[in-house]
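Pasting a structure below so you can have a look.
We just call them A, B, C, D and E in the order they show up, numbering each chain from 1.
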Amino acid sequence: MTAFVDIDDVTLIYKGANGGVHALDRFSVSIRKGEFAAVVGPSGCGKSSLMKLVTGLLPPDFGKIAIEGTTVHGPVKMAGMAFQNPNLLPWRKVIDNVLLPLEIVQPHRSRFRKEKERYRAEAEALLATVGLAGFGDRFPWELSGGMQQRVSLCRALIHQPALLMLDEPFAALDAFTREELWCVLRDLWQKIGFTVILVTHDLREATFLADKIHMMSARPGRLVLTKEVPFPRPRPIEVCFEPAFTDIVHELRAKIGEVRKG
Amino acid sequence: DTDVKFALDWKFEGPSAPYFVAIDKGYYKAEGLNVTVDTGPGSVAGIARVAAGTYPLGFFDINSLVKFRDQNPDKAVKAIMMVYDKPPFAIATTTKTGIAKPKDLEGKVLGAPAADGAFAQWKAFVKENAIDDSKVKIENIGFPVREPMLADGKVDAITGFSFSMYFNLLQRNLKPEDIKVMLMSDYGLVLYGNAIMVNPDFAKANPKVVEGFVRATLKGVQDTIKDPESAIKSVMKRNETADEKTELARLKMALRDNFVTPWVKENGLGGVDMTRLAKSIDQIGITYDFKVKPKAEDVFTSEFLPPAADRKL
Amino acid sequence: MNTHTIERLSPWLFTIAMFLIWEVICRGFRVDPFILPAPSQIFVAMAQYWWPLAKNSFVTLWTTLAGFALAVVFGIVLGIVVGWSRTIYRGLYPVMIGFNSVPKVAVVPILVIWFGIGEIPAILTAFLISFFPIVVNVATGLSTIEPELEDVLRALGAKKLDIMLKIGIPRTQPYLFGSLKVAITLAFVGTVVSETIAANAGLGFLMVQAGSNFQMPLVFAGLLLLAAEGIIMYAIFAYVESYFVGWAFRSSMSAGG
Amino acid sequence: MNTHTIERLSPWLFTIAMFLIWEVICRGFRVDPFILPAPSQIFVAMAQYWWPLAKNSFVTLWTTLAGFALAVVFGIVLGIVVGWSRTIYRGLYPVMIGFNSVPKVAVVPILVIWFGIGEIPAILTAFLISFFPIVVNVATGLSTIEPELEDVLRALGAKKLDIMLKIGIPRTQPYLFGSLKVAITLAFVGTVVSETIAANAGLGFLMVQAGSNFQMPLVFAGLLLLAAEGIIMYAIFAYVESYFVGWAFRSSMSAGG
Amino acid sequence: MTAFVDIDDVTLIYKGANGGVHALDRFSVSIRKGEFAAVVGPSGCGKSSLMKLVTGLLPPDFGKIAIEGTTVHGPVKMAGMAFQNPNLLPWRKVIDNVLLPLEIVQPHRSRFRKEKERYRAEAEALLATVGLAGFGDRFPWELSGGMQQRVSLCRALIHQPALLMLDEPFAALDAFTREELWCVLRDLWQKIGFTVILVTHDLREATFLADKIHMMSARPGRLVLTKEVPFPRPRPIEVCFEPAFTDIVHELRAKIGEVRKG
């Protein structure tokens, strides 16, 4: 089977007034359609940059990125992205922030006016699944950090994109809310079958959710390891307490420790 | 009826009475004309409007027309009826400055708006009166500050239209006996004043209209001269903010100084003495460098005037 | 009296204070009424000539609003165009700056020749004089979009125009409203300038006429009415603004809300 | 020719294109030269009268710059004051709007009476006409400070003035520069208006004189020089701006940088 | 000994166009001088709001807050705060962002001009301790999310405040960088002896660093538990692997789970 997302020997160098930053170095990964991939690595290694490369927000300096066989030149249309910062638009209410993709992406765009009510209901329902029922009519700056992050997650999901890019989507959440949302995400993925790339610092999160975990070295980010997660699907949350799970987490942890020093 | 738009050089004031009289008494109507009168921003911009055809007819300074014709020889705008046989160009001063005759201006400060029609004749005035103009300090002061600066003594004399400056100074609480207005015409200037002008294309296409307009306007002038008191009513109807007493006095002053000169009493209204006109063009040459000096015939034609008998006072 | 009341009353207090100071200066320094009439004299003139003032104010108001409306539409569109392309930005800006450095009095005669005297040159002058601040603020707003917010839309495959309309314009709204405040004052100036040169009605017409008769209190009555019309328009904007851009005035220091 | 070259050349291309179109319109429609002279005629006049034009341009330039400098200082200070207090904001804004709705021609006579004719009224007119856009954008910038950023300073116990200077002004810089572009054009207009009424030098003075002799090409030569001076000032700002506010023009759509 | 920070029966209600939000409810905690306090609780429970109350950025609706015996009215001057968002000023380079407090807070403020070089060197050194050596001359938006958060931490520390408020300062960091910074913070605290209030979702973080852990209920935030951490000082990082440590973490975890549901 051919790759859905094919990152092929990609190098990225940021130019800056004070010298360039070599962010990614000959990074290659390929992701199957419907796969749940996780990317882990030390802070500043180029994970967020990788996300921007895949969605076409940035062009690579070398190498190429292809989605469904077509090389990416400029922003792709099938992706939903939750950025590391919530980046909510302060002049829009929470619900309008969540609805934003529907105003842009076809076929919703042309229907949006007519079926506004239905879309609103959908958005409210989605907000409710992340524990934000009743917050739709507030402005983003009336929400706590973790709540904003959840809104941003809803915005990435609302149009059911074929490719879901999540950049540390649960970083600002407490352990329980986080685990709840793991399950929400797991169920959605199971139901709809989109392809997911998840950046995270939480190794348990990566291990619980992902099919494959890709580990990056410190800047410039190189691929140092790809770990297949063997647990069968659907995975209940209890899998986290199995020894095999803890072993994987510890193995990854040890590896990162190595990589950081090296 | 033919619609005719007629442009004045300035606002609706006492001296614009003749046209309104002609309207109100139906003189234009009788000629088959439906005349509307508009205010204007001064002769310079106004002549351009007539030349461009925005207005077929207008009431502007003939001396400006001479310059316009010099700059635009192919635009044959012509005066067809002289209204101010003597121009209102004047120098005003107050008695406390001690200026009694033009020569006294030496050593004094003269305030003059750069765009002023009277100031445009300054050099001719200087020459005719043998003033040493290196001894006169000239300040460019705009219209809004002209009379206040004279009243405040910031300048010793100002140039402008006699019937504007005089009444503006009166308004500034100067007494009539404190104001001295020297009409330049009384000191050697042979220039003519404002005249009715026509767009050449319009004149060619509608000679009857132009003739009718002149005829009716002449009647308006005659009526105004006969009965300024009732003529002023026609102005007041159109200028709600004016003061009737002032406007009447202004009109009477204009009639005395500009409309009804000895030459007009003798020869009737509307016409010109072509030799004097030619001389006046020479006089303009003192203040202004001609490219190709226009001739008297280039700026005035009597072809639309009714016979002299109809133009008598 | 609590802070809120003071705030509500402050426009009135400032205005009254200004008139009082003006009156005192005029009387104290015996300022010549032909230079600067005292407010009391102006109000007398206003009462005396209320009808011509009212009539002409109305003419000025509607021509200004027509010109201003044109300026808003054109200014926003041009702002977007200028914000769109660096080439257009760099090419058009100097030309616009040059055009705006020229007093519009110089343009009115041209308009008069083409459109005759009356309302049309006034409307056009109001338009020509007032669109530039709008263009500048819209274009600035568009070119300072935070790339982070921009990426949110780009990641969805949004077109440039979408980004401008969904992010550029909303986030620059406070400045857009600011520029409208500047633009409306300029529009009034434009109308009046045109009316002084080429009109048979309007406050500009009335003021020149009064000025040429040296009825300075009446001239200043016209000026005050002009100011009043500007303030009324401002009040309307302020109301609309508070509705649209409340989100921007969250700061504790915000004076806008 | 790559994009960069096109970008660099675009101001020139636009300017040349404009002159060409102008020339073609004048010739094609046989526009009367006393209405709108063709550029070729204007350049002839410019060559012929280069010395008076140069001399008077210089006078206009320096008086404008003096007035503009005043306006910048005063505008920023007043912007801060207005941004400071809601009471002042609400009280002063209407008065300022009113004042700015009034054509400055009406103010010049007052200045002339108090300061005599010459440069001072011109400087003051330039100042009076141009400070308002600066105030508006500074005040808008201050009142739309994001509370999150404000809190960073407040948490350090910073005074309000600190917050204004460390956050308010820097973050509104792009708009401050925008307002300077609007203000400089107004300053030129102010100077010229004052010069036409009361000065013995300057482009305004020269243009009235030329106008009263029907030398329209010379009048337009003056207008073009005025435009050129405006553009030179703009070029200077654009340079300073790119140095100061590069941070704001990070967007891929940025036309400013 | 009297409390350094005394939060006494504080209630906070945000007013909003769409109804108020009851953020804190009769919350009381007192913190000794030099104490390291941690606050944990579910997302949206009012932790960030509590931080703003303590520093005086917000006034409480009921109850009162006192620092060193004086009731807080308006922003206090002795605090250094790292907000949940990095909130760096985009027009300032990283180093200038770090130096910001010195331009405001006395006695540095009056010395700042003269001793700029020394302060710069200090700031560079501080940046180096958080792994950002050489990034001082870049702009904040040239940094990754985790790097920005570290800059924000430096900004809170640079003027050695008597009271350090940290709102999830390590949320965007990978496990190793995080643990490194724990140690940096621990050492600084040990050396200088300031009082710290740390908001975190990471129970291990709280247990490793804090003397006392205060747990809040879901919105409206109430105090549900205060847990004293018994490990002696100085604590080596190895303490995290002791069973007693894990027990505390599990105990807290269980408690949060209860609280969220209840």
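In the analysis below, a residue touches a chain if its C-beta (ideal position, glycine included) is under 8 Å from a C-beta of that chain, and two chains touch if they have at least 3 such contacts.
The UniProt protein names, listed by chain, are A, E = ABC transporter ATP-binding protein; C, D = ABC transporter permease.
Computed from a predicted structure; not experimentally measured.
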Smallest number of contact steps required from subunit B to reach subunit E: 2
Label of the chain whose CA centroid is most distant from the centroid of subunit E: B
Mean-CA-position distance for subunit C (ABC transporter permease) and subunit A (Å): 48
Euclidean distance of C-alpha centroids - subunit B vs subunit C (ABC transporter permease), Å: 38
Interface hub residues of subunit B, defined as touching at least two other chains: 48, 52, 143-144, 148, 152
For subunit E, residues that touch 2 or more chains besides their own: 85, 141
Numbers and ranges of subunit D (ABC transporter permease) residues touching at least 2 other chains: 32, 35, 105, 109, 113, 147-148, 154, 248, 250
List of subunit D (ABC transporter permease) residues in touch with subunit B within their complex: 32-35, 105, 108-109, 112-113, 116-117, 196-200, 205, 208-209, 211-216
Of subunit D (ABC transporter permease), residues touching subunit E in the complex: 148-149, 151-158, 162, 166-167, 170-171, 173, 245, 247-248, 250
Complex contacts: residues of subunit E adjacent to subunit A: 14, 16, 18, 21, 40-44, 46-49, 84-85, 131, 137-138, 142-147, 150, 168, 171-178, 201, 203, 253, 256-257, 260
Contact footprint of subunit D (ABC transporter permease) on subunit C (ABC transporter permease) as seen in their complex: 3, 6-8, 10-11, 13-15, 18, 32, 35-36, 82-95, 97-106, 109-110, 113, 132-133, 136-137, 139-140, 142-147, 150, 154, 160, 163-164, 168, 174-175, 177-179, 181-182, 184-186, 188-189, 192-193, 196, 204, 207, 219, 223, 226-231, 233-235, 248-257
In the complex, subunit E residues that touch subunit D (ABC transporter permease): 52, 55, 57, 75-81, 83, 85, 87, 89-92, 100-101, 103-105, 139, 141, 155, 159, 165
